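Report on one structure; see the data block that follows.
To keep things simple, chains are lettered A, B, C and D as they appear, and every chain counts its residues starting from 1.
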Amino acid sequence: MVRGMLRLLAYGTAAAWVLLGGGCGRDAARAVSVVGSTSIQPFAEFLAEEYDKKNPGQRVEVQGGGSTAGLQATANGLADIGTCSRALKPDEAEQFTQTLIARDGVAIVVNPTNPVNGLTSEQLRGLFSGRIRNWREVGGRDGPVRPITREEGSGTRESFVNLIMGKERISRAALTQESNGAVKELVKGDPAAVGYMSLGLVGEELKAVSVDGVTPTAENVLAGTYKLARPFLFVTKGPARPDAQRFIDFVLSPEGQKILETEGLVRAR
Amino acid sequence: MRAQPKVAVRGFTASFGGKVALRDLSLDVFPRERLAIIGPASSGKTTFLRSLNRLNDLHPAFSHSGQVLLDGKDIYDADMDVVQLRRRVGMVYAVPVPLPWSVYDNLVYGLKLAGIRDRTTLDGRVEAALKSVALWDEVKDRLKEPARNLSGGQQQRLCLARVLVLQPEVLILDEPCSGLDPISTGKVEDALAELKARHSIVLVTNNTKQAARSSDRTAFFLMGELIEVGPTAQLFTRPVQQRTNDYLIGQFG
Amino acid sequence: MKQDKAISLVLLLIALSAISGLALITVFIFKEGLPIILRVGGRDFFLSSDWEPSAGHFGILSMIAGSLAVTAGAMVIGLVFGLGVAIVLTQFCPAGLAAVLKPAIELLAGIPSVVYGFMGVVTLVPLIRTYLGGPGLSVLASSIVLGIMVLPTVTSISIDALQAVPRPYWEGSIALGATQWQTAHMVMLKAARSGIVTAAILGMGRAIGETMAVIMVAGNPLEIPHSILDPVRTLTSNIALEMGYASGQHRQALFATGVTLFVIIMVLNTVALVASRRYARRGGAR
Amino acid sequence: MTRPSPVALQRVVVVALWSLATMTIGVLLFIIVYILAHGLPHVSWGFLTQSPEYMGRKGGIFPMVVGTVMVAGLAVLVAAPIGVATAIYLTEYTREGRMTAMIRFGADCLAGIPSIVFGLFGFVFFAITLHLGLSVISGALTLALMVLPTVVRTSEEALRAVPSAYREVSYGLGSTRWQMVTHVVLHSALPGISTGVVLSLGRCVSETAVVMLTAGSALRLPHSLFDSSRTLALHFYMLSREGISMPNAYATASVLIIAILALNMLAYWLMRRFVAKVR
């Protein structure tokens, strides 16, 4: 029995090293890799699933990591397509070819028990910068305000900062969560919380308040009246590889756009 | 005049990190004799035994000078095959150490190391060895059992048999009966009497009565030196050296 | 003997390659992280709590403070419980029961840290938020979760240390009329002291290095916590939170955070090593 | 105030200590029962053998099971031989000296490095510098480095626990050192070594930070070692953290917990065999 285990270990090891050595031909039949924004990740995964069903033999691999990581991965060849949930900075725009696949609203969310239904940009700046410390000041119940932000580098955060905060800094005391879901969970459980997240992922359990009097809906984003919106981008370094291009084409096709729309995003064209 | 010595130790000094354990020791072991070595604790008996099959080499600080000739060839020569040497000089320890396998696997281990794989040869050697230590009848139906299930006396005879399957020329035994009851001791001693016909036997013992019972010659060691060696009967009744006499009548524990 | 030499050489090469892994990690982490510490200056890096990578501010004081606060809390809980369990299992527990309980405690070490973090979020955080106030995500929540996570480390090393105390010590004390508890704390704990110190230090290393559980229950703001109900960001969660996004200087700053962590752990390890050496040397002699 | 009598004090302390121990066991049971109670109803054969659909909201966890086995298995297959060989070198082939002290100190340091630092290293070294990408192989090699010290340490302890008399007997019967090591020492130490290896496997299975940074989080079934793959622990993290599907998150955690339980029991069983063997 013990001898058998020894032998098994030896064979397994040998096999592992052979695999290690033999795996060098990695470029053959490689999957198209899509890396980037955690906001886009679930949608991209869903699109990839549908794409694989339609095109057996083609494989699309979706990764999270963050918008900036996606750009980096694309730049150094780790990814075929980078996904980015914010507008490219000028130097980035020079470096990459970008394709708008959809637009997404950034919803301001509060706990359903919070009586506040609408906030102005100015009030939002106050809440998130820490100047406004009590919900009473913006028409809510007496109680502390707990802003919840996303981590540095997040596309959602950068869009929020660009569109709302301007020059003001987000409070250092703000809780930092690493995903839309985590923000959602936290706001769901904490009556004092206020956060921002992808409109497509808000769901039923949170209250998305209106901003400057405009309700956050897909229609308002498409119409341009809800100004807290950001692009979802696919970026490639130069022209895309043919199989990557096929996937991009699928996403832009009416079928792909329909999928994104049913998931709560706003179509690109 | 006696025959050529089987083992001839010549001016042998052994030390461990500067601490001398054997000093300038010369002693012969003849074919087909049982040589007993007696002496108080830490008088160098065990070191002497372990010098005969170079087991001391395993100790990091061991160093030596002088010669140990086996059939006239120095076993400490650079071209000596130590593995082969240890097959020719078989050792039995004070405490029986059966390896954690079956009785049979314990017995054939040495043979397998020597490259013998033939089943009938293995079985034949095992049977012969077990018979020569009078263990065959007791364990012939228990060969597949773990060796640890045997009694202490059986384990020690098993360890003796494990060495015997290799048909060594010299057998060295380090207080092989120290942990055994009188009946088991008797069985081991009987086996040694039988084995004398084919092997040279060096037996270290703390038990002077055992030396008197089951040896042809006896050597007395004290503090790493050989004090006296002679026919057993003579050494026990009329020792030449005063110190031997003192030891025998119990002056040194 | 020639074959023996060859085998020995091969094994030595393998052993050295294992060690070269450490060298490689050290070199890489330092190569990536050190330049920015030098550029920003040790003072601005370690003694400022201004962390805003996009604006070029890289002060990690609040993360260092956070890590220390959370680790201290975890050690209080881990030591009280871990040592308590070790004493129970070695001194006051029938051997049969101890044989079942010890592997059960060790099982705690096998549960994935994400599960601990998750359990903290769904059970502990709402409790703290409801009954003690604050956001729930807090030093307290992190300390409790980490305390439970380091407990098996503390317990199993303490048990080893307590079991290594020679039996006659115990018997001698009992024979002099001491109760079991007097014996336990006056004789056994004293004799096993440096082993327990080792346990505590290794537990501390585990607490300070834990990432995923902390990220989920700590809240991760940039401010230094003022009370145990305040949220906190640790060195590890700072790395894990932002690594995916970071590039350029920002990424270097995260590696520098890693360097800081690395140095803290190395110091703790060396202390543990010295402590356990002392313990080994004294062994039965004391 | 009078001091309580020693006997009374002892009673109080014993009650206090036992309640600490009971609470600890209680926490363990609570975690396991909580996860299993929420998750087991959603675990089925189909859940284990189907691919996830709809980002994991529906469907199963088959690719993650495969990914976990690949990443953790490969990590251990790399770490175990290197670790055991190192331990054999340390115990059987060399004397205590500067070299062994150095190797041992290195292993101890490696053991103390937090997993996130391994993750950073693996990301930069394997994924980027060696161009292995976020892949099974990057993750496995990083994890292998992470568990290497555990394997070395436990193997060393197991080898040292083998009675030295066995070694002498083997030499006495005419074995070379290598024969002695392979036939006698390894044979006796194998259950002990296996315990360390199995526990390391458990650590690889439950590790999240490292695989997140090195193996990536692709939902697809990995077709080669160079594909990215999500492990069960990371899948659980993402499902619960992104709030994608709590039932599936609990079900994934249940599978994970059961796997860890099984590995721990295996380790415990091996350990008992080992103790019986070298006694």
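Rule of thumb we're sticking to: a residue touches a chain if its C-beta (ideal position, glycine included) is under 8 Å from a C-beta of that chain, and two chains touch if they have at least 3 such contacts.
If you're wondering where the values come from, they're calculated on a predicted model, not measured in any experiment.
Contact with both chain B and chain C is made by D.
If each chain is reduced to the average of its C-alpha atoms, the one that sits nearest the average of all protein C-alpha atoms is D. With centres defined by CA atoms alone, the chain at the far end from chain A is B.
Looking at which two chains touch through the most C-beta pairs, you get C-D.
One simple way to say how far apart two chains are is to compare their mean CA positions; for chain B and chain D this gives 48 Å.
Chain centres here are Cα averages; for chain A and chain D they lie 32 Å apart. Chain centres here are Cα averages; for chain A and chain B they lie 79 Å apart.
Shared interface positions of chain A, defined as residues touching 2 or more other chains, are 38, 64-65, 178, 182, 185. Of all residues in chain C, those that touch two or more other chains are 216, 240, 243.
Shown for chain B are the residues that touch two or more other chains, of which there are none.
Shown here, the protein chains touch in an arrangement that is not a line, ring, star or fully connected set. Touching chain pairs in this entry, ordered by label, are A-C, A-D, B-D, C-D. Of all the residues in chain D, the ones that touch chain B in their complex are 95, 163, 165-176, 179, 183-184, 187-188, 277-278. For chain C in complex with chain D, the touching residues are 3-4, 7-8, 10-12, 14-19, 21-25, 28-29, 32, 80-81, 84-85, 87-89, 92, 101, 103-108, 110-116, 118-119, 123, 148, 151, 178-182, 202, 205, 208-212, 216, 236, 239-240, 243, 254-255, 258, 261-262, 265-266, 268-269, 273. The residues of chain D lying in touch with chain A in their complex are 53-55, 74, 77-78, 80-81, 127-128, 131, 133-134, 137, 186-187, 190-191, 194, 216-220, 223-228, 238, 240-244.
Across the interface of their complex, chain D is touched by residues 2-3, 5-6, 9, 12-13, 15-16, 19-20, 23, 26, 29-31, 33, 35, 38, 41-42, 45-46, 48-49, 59-65, 76-78, 178-182, 184-185, 201, 203 of chain A. Residues 53, 55, 58, 60, 83-84, 86-87, 90-91, 93, 95, 97, 99-101, 109-110, 113-114, 159, 162-163, 166 of chain B are the ones that touch chain D when the two sit in their complex.
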